[in-house]
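Both complexes below contain chain A, partnered by chain B and then by chain C.
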Partner chain A sequence: MKQIVRSQGFGAIIGVVVVLVVFSLIDFSGWWTAQTITNVTQFTAILSFVAMGQALVIMTKEIDLSVGSVYGLAGVAFITLEPSFGVPGSLVIALVMAAFVGLLQALTVVKGHLPSMIVTLGGLFAVRGIIYVWTGGSVHNFSADARIHPVTRLFGGELFGVEAAIFWLVVVAAVLGIVLRATPFGNRLLATGGNRESAESRGVRTDRVKIWAFVLCSLLAGFAGILTLCNQPQTHVTLGENMELEAISAAVIGGCLLTGGRGSIIGAVLGALIVVSFRYELIALGAPSSWYITFVGVVLIVAVIFNQKLARFLGHSV
Partner chain B sequence: MKFRNSVLLSALMAATALGGIANAQDGEKQYRFVMVSHIGSNDPNMGWLTKSMEEFERKYPNVKTEYISTNNYSVQEHVRLLEQAISTQPDGIAVPIVSSDAFEGPLRKAIEAGIPVVAFNIPDGRPEGERIPYLTYVGGDEYLTGKKLGEYALEKAEAGEIPKPTHVVCASHDSAHQGLKARCAGMKDAMEKAGAKVDELFIGAEPATARNTLQSFLQANPDTNYIFTVAGWSSPWAWGVANEMKLDPDVDDKGVTVLTVDEGPVSIEGVRAGHVLATNSQGFWLQGYAPMEWLYWNKEFGYAPQSYILTGPVIINKDNADKWAELVRGVFGDKAYDEQNTW
Partner chain C sequence: MENSNPLIQVKNLDLHFGAFHALKNVSVDFHAGEMIGLVGDNGAGKTTLIRVLCGIYAPTSGEVFFDGNKVQKFHPKLAIDQGIETIQQSVGLCDNLSIARNFYLGREPVKRVLGIPFLDMGKMREKSTRVIRQFGLRANVSADDEVERLSGGERQSVKIGRAVEFKNRVVIMDEPTNHLSVREREHVNELAVQLKEQGLLVIYITHDIFQVHKLADRIVIMENGEKVADATTDSMTAEELEEVIRQGGRVVEKREAV
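And then the complex of A and B:
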């Protein structure tokens, strides 16, 4: 129990419990249905991938605003290149493209000593522009053969009775959680964001750590785009628009501090769950859907205050 | 290009005749007209406008047309783009009045500075006298688009071909777009007369978020049996969500009925495949060509039309969708048409 309380996703756990209790009280019959849970968890899974990547970058005291565009680019590349390279080929190329964008931005930030907010803001616009120019405004569909391809089904169908996106989320979150908490890389990542000078004095090559964080972030965003399209191949060039804001919100609600050095994978997933749950419940309660963004803003601010107080209470310097 | 629309042909013939007159004159003045659009490269409908403007340039070689647009459904960005365009002192501007309040200032300044303005696609919806004093409006009637589609659906429901509406959701990707709001208002007026409840839902333009939002709405409102998507490209998302929820969204006498807009490949193929009951044409081709023509006639001869020029709506249903597909293939080409079909 003590370990859970001291864990960096504890704020998000409290948040999820509060959300579940409140939603159960005001809309028990609507909330606890198989359809609602499927709806909420499916989109939570997609957003979680982007949020987990964002969390890794935030832990290094940087930020990546380009994830929505990278998510879109990978998805568009996956569908557009499929006729030429087949499903497995286009999937690999799409992921390589996503990783390349992450690498390019990371090198610009690290080697150019530039603020990641500016560099990735440029990335957001540049990548979105590439999507528009590349597609000319329309993204065609998967062919009937591509939709039933085993690789498409592996990422877009059901695996072991659950939606593929949820299955892959469990797998990837578990791996990342272990990497973050039980490997030297995880320690270096948190040390880089926590106190860079101190980390470097202990031999941590913080530049490399940051580069890996950006690449992983873009890869996860790209993978989320591919998962989305394997499940629903009907898309548009707006794929991923504004997703960066939801991903950052999810990571921060999940316990990541923009001051770096603090955050967790499970927290990012729970943060995504809170964000998506709010959208569902507001619509279910009949609130205009444009209110959703207002509520995300309010929850975000409350979460930042709560997480900071919690961190201080637990003796962390923030 | 095979244009079967008689209105389109009339316009082209008139354009050809006047183009001939214009070309016959020596020492012609050179003009530069700018279309400042909200239909960006993220919207396949842009092709209608740019292709018709290319056609216009071929007819009037002394006119250079420019098409500039936003991509992210932001009124503020559109206004900035408009202000930039005005600062280049063009000989005429065509612009959709996405927001009367936001566009009023820059457009009145432009008109006062002697730049003729034609509104296209979306008019200033305010009463006469309060409107921005543009030359004319060329485009569909957004309110009528929703109303006529609604009335068409009610006719089919009366005939027993589709279910009678109980709850209609108007799914919009841009909550600030007054043209989309007018479409929803038209649908609302038609459907409420038949006793159906109508809700407007802001789903956004991002596909996964839009699906999630719409799915949430359908779960929370299980009596919803009509979905009206106010963009053609979001109709496959609506159909996909309803299909995934096993709500039987194909056009038949049970389940959910999907209605959409536009004469793009997605909408037309949705109708042909039996996924969408009907869509509409707002005469996009003419919306690119005719504003340029009126700007030209105004600059060259001082002509000013005395009324709005409506280019739609025209209902596209299963009876005429094949002919529309042929027409659109003629404009976009087979390859682009097939690529834009996202069903």
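And then the complex of A and C:
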């Protein structure tokens, strides 16, 4: 129990419980329906992938603002390249492109000693611009054959009776959680964010750690794009717009501190659940959809205050 | 000791940071089993010299020999692999990690399952627990506690314990007793002497010539990036050495007692 309380995701666990209780109280019949649960978990799974990657980057004391664009780019690449390379081929190319964008930004940050906020802000615009140029603003669809391709079904349909996105989320979150807590790489990643100079003095190659974090982040964002399009194979140029803000919010609500070195994978997933629940429930309650972003802002600030109080209560210096 | 080959030999070392000449033609030998007091004012080049030895800075010109071999590449990782450990006041421990995780940071023991390296937490806990007991941490501190809970002296103890545990050959202590209580300072100094007695080379950097004179075998004084004095502690008293520092490196003739 002490372990759970001290873990970084504890604030998010409380947050999820509060959200579920409040939504049950105000809209029990609307909230606990199969339709709602399916939608919320599907969107949560997608956002979680982006948020988990973001969490890894934030834990190294950097930030990646380009994830929404990378998510869009991977999705667009996946759909538009499918006629030439087939489903598996375009999937691999889309992921490689995402990873490449991450690598390029990481090298600029690390080798150029530049703030990641600026570099990835540039990445956000540059990649979004590429999407506009590439698609010409037009909508692309999968052919009927591609929709029933086994690879598309593997990432888009249902697996073992659950949404494929949920299945993959459980697998990937478990792997990332273990990597973060139980491998030398995870130890070094947390050390890099906690105190880069100390990590460096112990022989940790913090540059490499950061590069890996950025590449993983972009890869996860790209994978989220592919999962989305396997489920609904249609692109539009705004795919993934503002997603970086939701992902950062999810990671921060889930207990990631922007000061680095603290955060958790499970927290990012729970943070994503909170963000998506708000979006869904506000719309379900008939609030104008434009209110949603205001609420996310309020929830974000409340969550940060709460997480900070919680961390101080547990004796961390933040 | 003078006959044996030096463990670290620095020859004509120069280091420029742009227009700033940080180290000027520094040559010095360090032997195993010796404790060196490296003394000088702020900005004298003590820490810069040490940062070359532990691989953070590469010299502009000059040579460094370690155990008779010329050092070709400078990187902290390489220095650590050679067994050079630096203990600094503010650097070396990550507050957000547990003692056990800090202890093995950068060279974590692993258990391979299907070829995947997993942290061997059992071993990490067991060894670091033994060391923190041996080095006098409070009984209620466990290896799973995050370092941010430790006091300044306990942090130093963890770092020194780690240096001993990894069978290092050189331990560089950069102002190890700053901000420590009197008891903690004595404890750290005792540990430093123990390291030397185990045959390690200990380089002890400080402002406090009187403190280090009691501990060290030899004192090296730096001033403005130059080595200005290098004397065994039995050949010069602390007062004489202090005078050298005060005069900015000029060795003053001792006035005859009236």
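Here is the rule we use: the second predicted complex is superposed on the first by the 317 of 318 C-alpha atoms of A that agree within 3 Å, B and C clash if a C-alpha of one lies under 4 Å from a C-alpha of the other, contacts with A are read in each partner's own complex, and residues count from 1 in each chain.
Definition applied: a residue touches a chain if its C-beta (ideal position, glycine included) is under 8 Å from a C-beta of that chain, and two chains touch if they have at least 3 such contacts.
The structure displayed is predicted, hence computed values, not measured ones.
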| item | value |
| --- | --- |
| Clash or fit, chain B versus chain C on superposed chain A | fit |
| Computed vertex angle (chain A) for partners chain B and chain C, CA, steps of 10° | 140 |
| Which of chain B and chain C A:188 touches, first, second, both or neither | second |
| First, second, both or neither for A:30, with chain B first and chain C second | first |
| Touching partner for A:262 - first (chain B), second (chain C), both, neither | second |
| Which superposed partner A:207 touches (first chain B, second chain C, both, neither) | neither |
| Touch count on chain A, higher of chain B and chain C | B |
| Chain B versus chain C as contact partner of A:240, first or second or both or neither | first |
| Minimum C-alpha spacing, chains overlaid - chain B and chain C, in Å | 36 |
| Residues of chain A contacting chain B in one complex and chain C in the other | none |
| In the complex, chain C residues that touch chain A | 54, 76-77, 80-81, 86, 88, 91-97, 101-102, 104-108, 110, 116-119, 121, 146, 148-149 |
| Chain A to chain B touching residues, read off their complex | 30, 33, 35-36, 39, 42-43, 46, 68, 128, 132-133, 136-141, 228, 232, 234-243, 246, 276, 279-280, 283-286, 288-290 |
| Chain C-facing residues of chain A, complex | 178, 182-184, 186-188, 190-191, 193-195, 197-205, 261-262, 315-317 |
| In the complex, chain B residues that touch chain A | 40-44, 46-47, 71-72, 175, 200-209, 211-213, 215-217, 219-220, 233-234, 236-237, 240, 245, 336, 338-343 |
